[in-house]
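In the two complexes that follow, chain A is the common piece, with chain B as its partner first and chain C second.
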Partner chain A sequence: MRLRPYLRALQVQTQVTLRYRGNVFAFLSYVLIPPLAVFFLWRAVLGGERALGGYDLSTMVTYYIVTQYFVANTAFSAWTDIGEEIRDGRLTLWLLRPASHYGLYFARNIGGWIPYWIAGLLGAAAVAGILHRYFLLPQEPWRIPMAVGFWLLGVVLAFTWGYILNLLSFWTERSTGIVLMADAAAVFLAGGFVPLDILPLKEIWLLLPFRFAGWFPTQIYLGRVGFAELPRELGLLLGWLLTFLVLQKLIWRLGLRRYQGAGG
Partner chain B sequence: MALRAVLRLISLRVKWELFFRLDALFGFVGGLVQVMAGVLLFEAIYGRTQAIAGWTRGEALALVGTLSILLELERALLRGLQRLPELVEEGLLEHFLTRPVPTPLLLAFHRVNLRALWRLPLGIGVLAYALSLLPGIPGWRFVPFTLSLVLSLAVYGLMVFCLVCLSFWLIRMQNFFWLVYDLAEFARYPAGVYRGAIRFLLTTVLPLVLLANFPVLLLTGRGGASLLLHQALVLAGFATLGMLLWRRGLRRYQGAGG
Partner chain C sequence: MGEIVVYVKDLRKVYRRALGAAGLSGAAKGLFKRQVEEVTALKGVSFEVREGEILGYIGPNGAGKTTTLKILAGVLFPTAGEVRVLGYVPWRRQRAFLKGISFVMSGRGLLEEITWDLPVLDGFLLIKDLYGLSDREFQSALGELVDLFELSELLKAPLRQLSHGQRARVELAAALLWRPRLLLLDEPTLGLDLMSQAALRGFVREYVKRTGAACIVTSHYTRDIEDLADRVLLLDHGEFVAEGSPQELVRKLSGMRRLRVAFEREVAAEELEALGEVVELDGAQAVFRVSAGQAKELVQALFARFPIHDFTLEEPDLEEALRIYFEEAG
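This part shows the complex of A and B:
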């Protein structure tokens, strides 16, 4: 497979995003504000050395800062243009190109997100600075790259999931509602609202793959997952990813058989 | 005249939305997930504690329901405001300026979203459940509650309006209006968790705490008419600021786009 068109798509999309740098920095609010707001709630609940589900105030504050960075920078809905292009017939232009549609959109997606990832680090650092009394660094340095590695695989998984949902536009009039519904569900299931292991019915939430895009990498960061557990979790993550990729290929082929390119 | 135009816009939008029923259904489920996330957060906490900063489980759930109602009303009625940056950037604001209706009103109501109204019962359901945990609330308290909710909606709408007016000075600001929605995070939690200067800030300059907390405080009998007066004063402040920004912005607008 020639990588050049994909790398070029990635590069171009990064440049497009960087044209509006103010817009990128405005996105910082998504990384910065929710952990700050939720801090006041947890200070009221966990102040005075109390703990909930093994989380004391410092662990909880760190959880929200790290998870919010991961979840806010993951495209659970892939790219809503995919569904809209199927609906109005613009997909035809993509079919003429000698490259994979999934691959091109994945490259564009990553390219578009890279500036946000970098800016998001500044936001996370700022909120960690503001709440420095409570923010924890991992005791073992390897936990940071390991958490990021798992999260990046989680990003691929989340993109593939969102891509599959967009492909449902081959069968429905409009898939925006489906994609946005799945987006809200995925943010919740990734642990973006509440740590999954303190929720009622946690066994269900922890069975699903979305935890790899937020909750699980943060557990690695916090030292709540041992090194010995990582190979098994990596196997599970890759298993889910493979399943999604096969499903994506299948739906794409079935959808193309139905596609007429007339739009409307 | 202006009211008739607004009602016509709403009716056209309703017809358009009904064309995509399946999509609306999924939008409803998306709203359900968001409301459930708020409920589950408090359920996880109240499973292990009796009160958060003096707020009981019922009061906290009433907060979740009230905020959901407020946000869905805003999403349903006022999301058209989000288009202002795009119209300024593309130089298309004349389409609105040339019509015989106050432009901010037309902007606010030209994209009424039926799907969000479908999600309104979610918040109402959570509020009803919360009230079942809070016995002895007299019916007349729903009058100040509703009045406070309407004031909150107007304050929130004006906050969004003030923010999108900045598009007259900034080239592209699609992500900027998310700022106000992100700030709404502060409205999700009981007022008691904020103290000192932060509490003052969140009830005056960035009046996010009054949005859902004040209606719930009035409903549960923990606040009086002074809360309504406070909301009215904040509303007047934001209305003045919004008018100022709009007028200054229009003077700057060239209609060239780009």
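This part shows the complex of A and C:
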């Protein structure tokens, strides 16, 4: 596979995002405000020496800062533009190119997010600074790159999921509603609202792949997952990813046969 | 003539179109039951296009022109028929096929989609990498196209700050960067001023001449077709109704001529209408529509009754021939 088209698409989208630097700075609020807001809630619940499902106040605060960074920087809905393009016929512009549509959109998606990832780090560092009495650093340094590595694979997984949902526009004409609804559900299932392991029916939530985009990398960071468990989890993640990729390819092929290339 | 670039045989395309009743109640009913109708866009058309040839592909709205181009570009699957473009089956969308064609749609371009806020050159660099051009190939093609389209002062400007005409030039240049062997142009001059239209036609002619590429152009501006096309196919309701050079097409579609007469004094409309079909009358100037066989008779009758300063017998242009044809076809 030639990488140049995708690297260029990534670069171009980073340039486009940087043109709107106001948006990038405004994004800081997504990383800053939720952990600060939930801090007061969890301080009331977990004040003193109390703990819930193994989370004391420090662990919970750290969970929210780290998870919020991961979840807010993951595009579970891929890009609702994809569904709109199918509907209004702009997809034609992409079908004419000698490159994979999925690949180009994935590259653009990552390219568009990179400035947010960097700005988000500043935001997360700021909130960690504000709540420094409670914020925990991992005891083993390898946990940070390992958590980031799992999260990046989770980003690919989440993008592919969102991409598949957008492809439903080949059949439904407009999938934006489904995509946005599924986006909200995915944030929950990634552990963006509450740690999944303290929820009822946790076996179900932990069976789903969305946890890899938030909850699971944070568990690595917090030291709540041992090194020995990681190969099995990586296998599971890659299995999900492969399933999604095969599904994406199949739906794309079937959908193209229905494409009507509206307009023009 | 060169090799066959486009081969189409018995091409059919049937769409399914969802119907909706008007109004709120219609929308509510549509939630539960949706009616679908089948529309036949192409009824089995066959044609070929060769290297170095510009084919005018014309017809009224809904005739099936854009559908044909989209099938040739590999965007749509046909319902039936055989199609080869550059030797490939288009809808398999193989890389070598996609690198050999370029499809320009009016008002739609990849650069506007992706690099709207970025300098024009960034869009060209994206095209370079999408099509796998080497630095040398890119520089050579870019230099040529910048000269041809007079783009040197636009390369650093953001696309969104260009005028419509400038953007059309940029998109056309972007569509030629990888030197496609087949150029599909769908209403390329739509929305452009007269100067830009003429310039764009000049660019296309020059490109085809220089590279020997084949080109299919659809346009509602018959001037585009008259200026560009070596051969024209007229499509109506999904089938061909005429074929030939623009001049042949005019003759086939309309046996009518225009007789322009300059009288030495003003003439009343009633006096002229008694002799033939008056299309225009402005003081001492009149235009008659007359069949080729009747022209001589009408001229003699006019000379017998009026003092005449001058007269000319004109063939209708393509636009008028098409108007007459479709009026008569109902």
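Couple of notes before you dig in:
The rule is simple: the second predicted complex is superposed on the first by the 262 of 264 C-alpha atoms of A that agree within 3 Å, B and C clash if a C-alpha of one lies under 4 Å from a C-alpha of the other, contacts with A are read in each partner's own complex, and residues count from 1 in each chain.
The rule we apply is simple: a residue touches a chain if its C-beta (ideal position, glycine included) is under 8 Å from a C-beta of that chain, and two chains touch if they have at least 3 such contacts.
Worth saying up front: this structure is predicted, and the values here are computed from it rather than measured.
For chain A, the partner with contacts to more residues, out of chain B and chain C, is B. In the superposed pair of complexes, A:V246 makes contact with neither chain B nor chain C.
Once chain A of one complex is fitted onto chain A of the other, the partner contacts of A:L137 are absent, as it touches neither chain B nor chain C.
When the two structures are aligned on the shared chain, A:R257 is found in touch with chain C, with no touch to chain B. Contact with chain C, but none with chain B, is seen for A:R90 once the two complexes are overlaid on the shared chain. By the touch criterion defined above, A:R2 reaches chain C but does not reach chain B.
Residue contacts after overlaying the shared chain place A:Q15 against chain C, while chain B stays out of touching range. Overlap of the chain B and chain C contact sets on chain A: residues 173. Within the complex, the chain A residues that touch chain B are 20, 22-24, 26-27, 29-30, 32-34, 37-38, 40-41, 43-45, 52-53, 172-178, 180-185, 188, 193-194, 198-200.
Across the complex, chain B meets chain A through its residues 19-20, 22-27, 29-31, 33-34, 36-38, 40-41, 43-45, 47-49, 52-53, 115, 170-176, 178-179, 182-183, 185-186, 188-190, 192-194, 198. Chain C meets chain A in the complex at residues 15, 18, 66, 70, 73-77, 93, 95, 98-99, 101-103, 105-106, 108-110, 113-115, 117-118, 122, 125-126, 128-132, 186. Those residues of chain A that touch chain C in the complex are listed here as 2, 4-5, 7-9, 12-13, 15-16, 19, 90, 92-99, 108, 173, 256-257, 259-261, 263-264.
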